[in-house]
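A, B and C label the chains in the order they appear, each numbered from 1.
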Amino acid sequence: MAINKDKNSYTIIFAIIMVVVVGSLLAFAAEGLKSNINENKRIEKQQNILYALGINENDESSAVFVSKDVVAESFAKNVTKQVVIQGANATEDPEAYLIDVKKEKSLAKDDSYQRRLPLFISETSTGTYYVAPIRGKGLWDAIWGYVALDKDMVIKGVYFDHKGETPGLGANIKQRFFMDDFSGEHLNDEAGNFTGVAVAKGNNDPKNERKTDNRVDAIAGSTITGNGVTAMIKDELKLYIPYFKTLKNN
Amino acid sequence: MGLLSKKDAKLIMDPLLDDNPITIQVLGICSALAITAELEASIVMAVSVMFVLGVGNVVISLMRNVIPSKIRIIVQLVVVATLVIIVDLVLKAFAYELSKTLSVFVGLIITNCIIMGRFEAFALANKPWRSFLDGIGNSFGYGLILIIVGFFRELLGSGTLLGIKVLGDPIELTGVYAYGYENNGFMLLSPMALIIVGLIIWVQRSKNKTLIEDE
Amino acid sequence: MEHLELFFKSIFIDNMVFATFLGMCSYLAVSKKVTTAVGLGAAVIFVLAVTVPLNWLLDHYILQPDALVWLDGNSETPKLSAYYGYDLSFLSFILFIATIATMVQLVEIIVEKFSPSLYNSLGIFLPLIAVNCAILGGSLFMQSREIETLGLALNYGVSSGIGWFLAIVAIAAIREKIRYSNVPAPLRGLGITFIITGLMAIGFMSFGGMLTTDGNKEEAAVEVTETKTEVLQEGKTESTQIVEVSKITKE
């Protein structure tokens, strides 16, 4: 070819073309697909909240959400009230589930900021439950989830998810054999003090029959992810204690 | 193989054993260790790498005459990253469930040195069709090791294969567990993957003595 | 204190090679001799020390959601900014990689120009580093672990580099010595290196007990005291309802 590929000018021009092409390609893809992706994320949030409440289409052993077609309807029926807790105030907000927990968490590092805590309340014939979103860190990246509680802070159900935990190990926090263990666990110890639920090794309770021990069985080979789950439950849910105290007093 | 000439067939067959990317070329080790605790994850990873390496090799091969040598590494990395990110975005928009399963692998694919290694060693100097075959062949060889390691780690570590309890239930004590068998939880930890790969190398090189290194 | 903790944590507990298995390819391929291992290790420390803080800046001022608000001077009141609401985080992979590849090639050019002797000892390793996943891993960990300040990012880069350096020098020293041992022929070279690395990683796991957070300490203490009551309860749980057991212990 006639062009001298080693010339600096050629290299620079090539780099510029490359940047423009790749940049516009990515920006185009990201922008063009944004509405679809956001819609999917919104549906997923609703599905997760419903899952924590025990509304799902689980088969024998795997976790299955309610299908996309009925999720909006089911969400409207089962999540009867959404509140945002900020300090001592709890205000109703029908779009509380769209609050970005990650953003709130990072804003709250600044002490002057009062973190907005969303809480989803389900008042149906089966009882009244409160679902709180939680977020923390696993081995590789972020982990998050939703915990459904009754007014005594006993867990009704949970849903966990992760961004990039090790497949086959830490990634198993979103498997039923792990999540199911949390149902019925008490967040308070026997004296009524908040302790959370620890993901513990050597628990000697593989069938998880002791619900009041504040512990569930860990997944073999994923200690750090398990510790992340323990910390996430403890650190995030303790922020809701004042609200649950006022519930009790009323 | 009527479709492929002898030379082309060699491109596919060689990386399976005698020029295996993991055990001979020492490429793509990180991911081989990270995701082989489960057979299913190994298979998913193998298929994803096959896609990225096949397509990436063709793209790089098409561009091979215009890439300035000074910045070729950046160009290669950018091409593979763009490819993976676009696929990830499209999946997120149209097949959300699938993308949830695959999103974990995105980072691992971009940083997988098998991809850079083949770009540099083959696609930069060969025509698109041959580069494509090279990509497919190498990802087969890579996938083969992943699947062997995943098979042993899942079977011995959790007593399951593809999530199915083939050895019985360890909690209800059925199957072999009734006779006092226990899962070896150690198999689930990454160091065991290293040791299994070491053993595979041992087997492979005892079969084919020409591969033995003399130090 | 924060710095010291991060420093030791990244070298020993979260060692790039033994805990997260990053940068394995060059680790296995370039560890036949201690001198070359030292060269590559030093280059990795250097590149990590440059790219992690650089990518931290990129992450904080360009990529994160609403990070662009400083552009029109509204960083105190982000909502007023014309750049509020932009989220460029989908670009993070590609920008991090580009920074790394650019830095590696820049470093190569600069070192070649000003210190030919250093270039001769480092030179051949620099292109290898661009494809070393430990480098990208460093930047991605920095992002996902939400490291808060530029100083900590620099610390993180340097210390994880030192951890990688230690690992490769250690394995190279072992490989130099193992040449005098009677290793089965098919295992010689790569095979035995894999197995030794596995054993070393198992050894490094024991560092996991260092520097545990307060939460874990509390938990350990509880475990000791609880084992006794657990044994007592064991027989009862099988026959009686769980609720009853908790009542008994309460009384």
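Definition applied: contacts are C-beta pairs under 8 Å (C-beta built on N, C-alpha and C of every residue); 3 or more make two chains touch, one makes a residue touch a chain.
Please read all numbers here as calculations on a predicted model, not as lab measurements.
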Going by C-alpha centres, which chain would you call the most central?
C
Counting C-beta pairs in contact, which chain pair ranks first?
B-C
Length of the line joining the C-alpha centres of subunit B and subunit C, rounded to whole Å
22
When the centre of a chain is set as the mean of its C-alpha atoms, what distance in Å lies between subunit A and subunit B?
31
For subunit C, residues contacting two or more additional chains:
90, 94
What positions in subunit A touch 2 or more of the other chains?
22, 26, 30, 163-164
Quick one: which residues in subunit B touch 2 or more of the other chains?
34, 70-71, 74, 78, 82, 85, 89, 107, 189
Sort out for me which residues of subunit C touch subunit B in the complex.
21-25, 28-29, 32, 90, 93-94, 97-98, 101-102, 104-105, 127, 130-133, 136-137, 140, 179, 184-195, 197-199, 201-202, 205
Taking the touch rule as given, give the residues of subunit A at its contact with subunit B in the complex, in rising order.
1, 5-6, 10-11, 14-15, 18, 22, 25-26, 29-30, 33, 36-37, 40, 43-44, 61, 163-169, 171, 206-207, 220-221
Sites on subunit B touched by subunit C in the complex:
23, 26-30, 33-34, 70-71, 73-74, 77-78, 81-82, 84-85, 89, 106-107, 110-113, 116-117, 189-195, 197-199, 201-206, 209, 211-215
Which residues of subunit C touch subunit A in the complex?
65, 90-91, 94, 141, 144-146, 148, 208, 215-216, 219, 223, 226, 230, 233, 237, 242, 245-246, 249-250
Under the stated contact criterion, what part of subunit B meets subunit A in this complex?
34-38, 40-41, 44-45, 65-71, 74-75, 78, 82, 85-86, 89-90, 92-94, 96, 103-105, 107, 153-154, 157-158, 163, 170-171, 183, 185, 188-189
